[in-house]
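The next block holds one structure in the form of structure tokens; read it before the comments.
Chain nomenclature is as follows: A, B and C, assigned in order of appearance, with residue numbering initiated at 1 for each chain independently.
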Amino acid sequence: MSNPPQHKLRADGGAYGRPPAHPDYELTHVGPGTPCGELMRRYWQPVALSSEVTHRPANVRILGEDLILFRDKKGRPGLLYPRCMHRGTTLFYGKVTEQGIACCYHGWEFDVEGRCLLQPCEPSGGRNREVARQPWYPVEERYGVLFAYMGPPEKKPVLLRYDIFEDLGSAEELRSDSGGFGATLDESLKIVPYSWLQMNDNAMDRFHVHVLHSTFSIVQFVPEFEVMPMVDFFTTPNGVCYSAKRKLEDGREYERLSSWLVPNVTCIPNIFDIAESKAIRIRWILPVDDSHFTMVTVYRMAKSAPPLVKLRIKGKLWSEMTDEERQDAPGDYEAQAGQGPISFHSEEHLASTDRDIIMQRRMLKAQIKVVAQGGDPVGVKFDPDEALVTVSSGNFYKTHSFVNQT
Amino acid sequence: MSNPPQHKLRADGGAYGRPPAHPDYELTHVGPGTPCGELMRRYWQPVALSSEVTHRPANVRILGEDLILFRDKKGRPGLLYPRCMHRGTTLFYGKVTEQGIACCYHGWEFDVEGRCLLQPCEPSGGRNREVARQPWYPVEERYGVLFAYMGPPEKKPVLLRYDIFEDLGSAEELRSDSGGFGATLDESLKIVPYSWLQMNDNAMDRFHVHVLHSTFSIVQFVPEFEVMPMVDFFTTPNGVCYSAKRKLEDGREYERLSSWLVPNVTCIPNIFDIAESKAIRIRWILPVDDSHFTMVTVYRMAKSAPPLVKLRIKGKLWSEMTDEERQDAPGDYEAQAGQGPISFHSEEHLASTDRDIIMQRRMLKAQIKVVAQGGDPVGVKFDPDEALVTVSSGNFYKTHSFVNQT
Amino acid sequence: MSNPPQHKLRADGGAYGRPPAHPDYELTHVGPGTPCGELMRRYWQPVALSSEVTHRPANVRILGEDLILFRDKKGRPGLLYPRCMHRGTTLFYGKVTEQGIACCYHGWEFDVEGRCLLQPCEPSGGRNREVARQPWYPVEERYGVLFAYMGPPEKKPVLLRYDIFEDLGSAEELRSDSGGFGATLDESLKIVPYSWLQMNDNAMDRFHVHVLHSTFSIVQFVPEFEVMPMVDFFTTPNGVCYSAKRKLEDGREYERLSSWLVPNVTCIPNIFDIAESKAIRIRWILPVDDSHFTMVTVYRMAKSAPPLVKLRIKGKLWSEMTDEERQDAPGDYEAQAGQGPISFHSEEHLASTDRDIIMQRRMLKAQIKVVAQGGDPVGVKFDPDEALVTVSSGNFYKTHSFVNQT
């Protein structure tokens, strides 16, 4: 794989004269026109929860682009370039109307797809307004989430469905949340200050669960995780799967199947309730820019289920811990943020336990290449009949053979 | 006019693949040696109020240059390069003396024109001090304001006079203030965090008054402004004028004449008291640097007049408003700051209502060219007999024909 | 001397058109591979007090390099590159163990010289761990201070001894402190926000003592300093010395000898107690990076001596003073910080009273050249028998002839 060349250590391993370090830009730069940015843009991305899209314009930053998000008085959501096409004032100060949004400066009004409806001070309300357009992106709502497509319009795919979120029982519902990170469920951190890749590397990294959250630190998950698993990784057409099998003390054989889908979708089974079940949640790691990301998660829950429990370490939320407490009980955040805002991949020495990361990165780079050469990356569908994704992740007991396509 | 080429929209107007945006650097970069900076430097600029020039050295930043401002014990003002010519310590920590200022480090003393008076630790107080000079700029006081000339010394013009500030009656006085912006009269914002051009564009932009301050938002000015004016713009030798005529409900014809003088001087008639009168104030938009400016205004008032009223929106000063309140009642600041620290002029789509801005920018660029080719820009005078400017701005009723030269 | 060319003043000394200013990069840039950085790296540098090296990992920044400092459970100190060689997580969140430190992410354990002891998740604890090495620097403790050597390993010298710190009497002890600056003894400023050179220039600059601390400001030192000294500077093999002789009012002749050793070591006699004595302290000016430094000082004191007195100006510590109070009573900090984060040496006009600075800088540049050409700079010893430095600094009365080598 075309990873940056490994750092060559001096014979005595000293720090003097070590070469300059650098990130893998191909996987971490996400702005318009960048390799990874163009891959991300080929997929619908979840940019906000539906409940966050209101009649009050909101600033959002996605894949390095600052945009305005709002819902017109008819209920239609819009995602627009913020600088009014007239003279550049941000639509953040615009007034939301029945059919769109009007800029505060001279009142130019646009609908949710950027069509100019009115230029109040111009003769006849603007004789050329039909050819005037505020740059915009298409959006669609599903599962309580607002998805946006920021790629080339002629290659816009259908918005996918996931089997685990369909056919809900009468006692079930879908919930969604945004922000937060890792296993701490601490949503105080809406925007996480490091590269999306450092979270994506972690998603499949099951060994660190053993060290970081169990043996190493205080026990943060369920006791079953104390046992070292037998791990198997394999690629699928759309991503990477891993199976972790454990023989438990009570004789049961417990298999945990997790999956990652190109480019930034994870489906990890429940960590706290490991009864036999398919996974109940899907999480997107959404790059905000090169050194920030956020996350959007959809859950399938019983209507009666209480809100998700925030993890506490010695009674404190992560956001309440001091630096010293974090040194004493480091978690996902410390491990990942500790790599820097964008890690220096040139200094990595990947080991046998990093096979999942190697697989994931290899697949990302291959798909980046496909896109660069004009093709369609895996997982992108144009036919509505192909829009349903069958998820394989879950907690399974006794025997479970892996059968399906993701 | 050599504006940056207009942004070419995609056929469907989508935001994908839009070209990079950029400012008009020619009109916004103001440092030494830049086109606009060199134009600005050909004129005396108001750098502070006389009352702000004291025996305590003050830091000021003007046209991208950090300087020290003080008044020696004899009352003479000085504007010096701050880094002592000896070894660079800032004269901000200097001690003001009878005849100048002495650096705190080794006591080198300079007068208000940078002549070195003493080098205490050197033999004979400094044998070469006569050729030693702390870089300096000439200053002059008038109308309660300290003006500085930061251009080539051999082209220093006379400091101008304005007819509306001369021949005061016994019951009249001149007042001055610095800082603040637009129509809110909120002086909490001494240095405004965006380019001078975004304020300069606004000065003549009368349509936004109708939208931003009246129909669009809550009513912020006098009711007469609800009526859409008949507007006429025309250039004069030294700038741009505009005439806004309104037929009022009571039958009167009301003409409002405003003027802008190259490069950054505005003379806008009273907004709150529109009785027949010439304009009573002149305002300079002083670039602090490329993305900041401040303003200095001189007013002619009755001695008995109370202090100027700060505008309140729903009882609050602008500086007390929350983000949400500013979204609900946006004013000049939101409209101008909302264009960014330096607007991206390459994305503008100027319309028929922007004729004034087009005229102003065209004139600025023409004068920038004159200066670059070694000539003298308009409005610069070297003969004291030509130092008086006759201002034409004002609120006028019935008939008023425009007769004079500015 | 190859100082940047002097700023050429315009005939009238005006500030218009002055050339751009710049630092002397050769003496101020201290990162790996820079001329000054490579000179600094040839010497053991004091990076922390021994008391600051604990079982809790600490972040330190030295010569532009971010490092981790800790003491393993056996009491051995370690200075490591912070990014774990596995996947880059900072060892700041590592767990200190009996024999080293273990990364929080996957538990890789390293000893204080970076040898990899264990890779917990790898088969057999890591089959290749013997060739794995976390980049490290050698450290040694002496005089209550932790010294580090960050230069080429094959040129590592012996750690020096100083005669004034040897052979302590039973009633004597060595104390050490870090941070702080100049004569104010205010340790609130651990890391000082300007270039090390601005402090180094000050160390020998005795004239400013007369102006800045005495005549100019309020009296900050002892009355004897009011008298202008007869100063003599001379180079020694390892640095620069200066002798300041004063004839006191009571007839005594008082000589004060101070020395500076290449590249950043100062030995200044006691300022407050000027009884006859060799100097009792040595201070290192340690560059943190190009625009920050800190200091480490070792003192020889009586065990019964009270803690050092913090200087108060009108009853306030420096850190408690307002901007205006600092303008009224400027000290070393104002004079040095007032030159900027890195001074613009191209604008200097050095005078006869700056001979010491000229000597010091000339010697630094000469030693920089020696190192660049592969030689050993002065003061570096490889033979333990040559490790003792005889210091000449002190306060002396009647006659004192300068006899020794530093």
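Note that a residue touches a chain if its C-beta (ideal position, glycine included) is under 8 Å from a C-beta of that chain, and two chains touch if they have at least 3 such contacts.
Fair warning: this is a prediction, and the values are worked out from it, not measured in the lab.
Rotation angle, chain B onto chain C, C-alpha superposition: 120 degrees, expressed as a multiple of 5. Mostly differing positions are employed by chain A and chain B in their mutual contact, as under half of the interface residue numbers are shared between these two copies. We define each chain's centre as the mean of its Cα atoms; on that basis chain A and chain B are separated by 47 Å. Among all residues of chain B, none touch two or more other chains. By the touch rule above, chain C contacts chain A in their complex via residues 32, 41, 56-57, 65, 67, 80-81, 83, 85-90, 92-93, 95, 102, 104-107, 113-115, 119-123, 126, 132-138, 150-153. Interface residues of chain A facing chain C in the complex, by the touch rule stated above, are 7, 9-10, 12-18, 21, 201, 207-208, 210-212, 215-217, 324, 326-327, 330, 334-336, 338-340, 343-345, 347-354.
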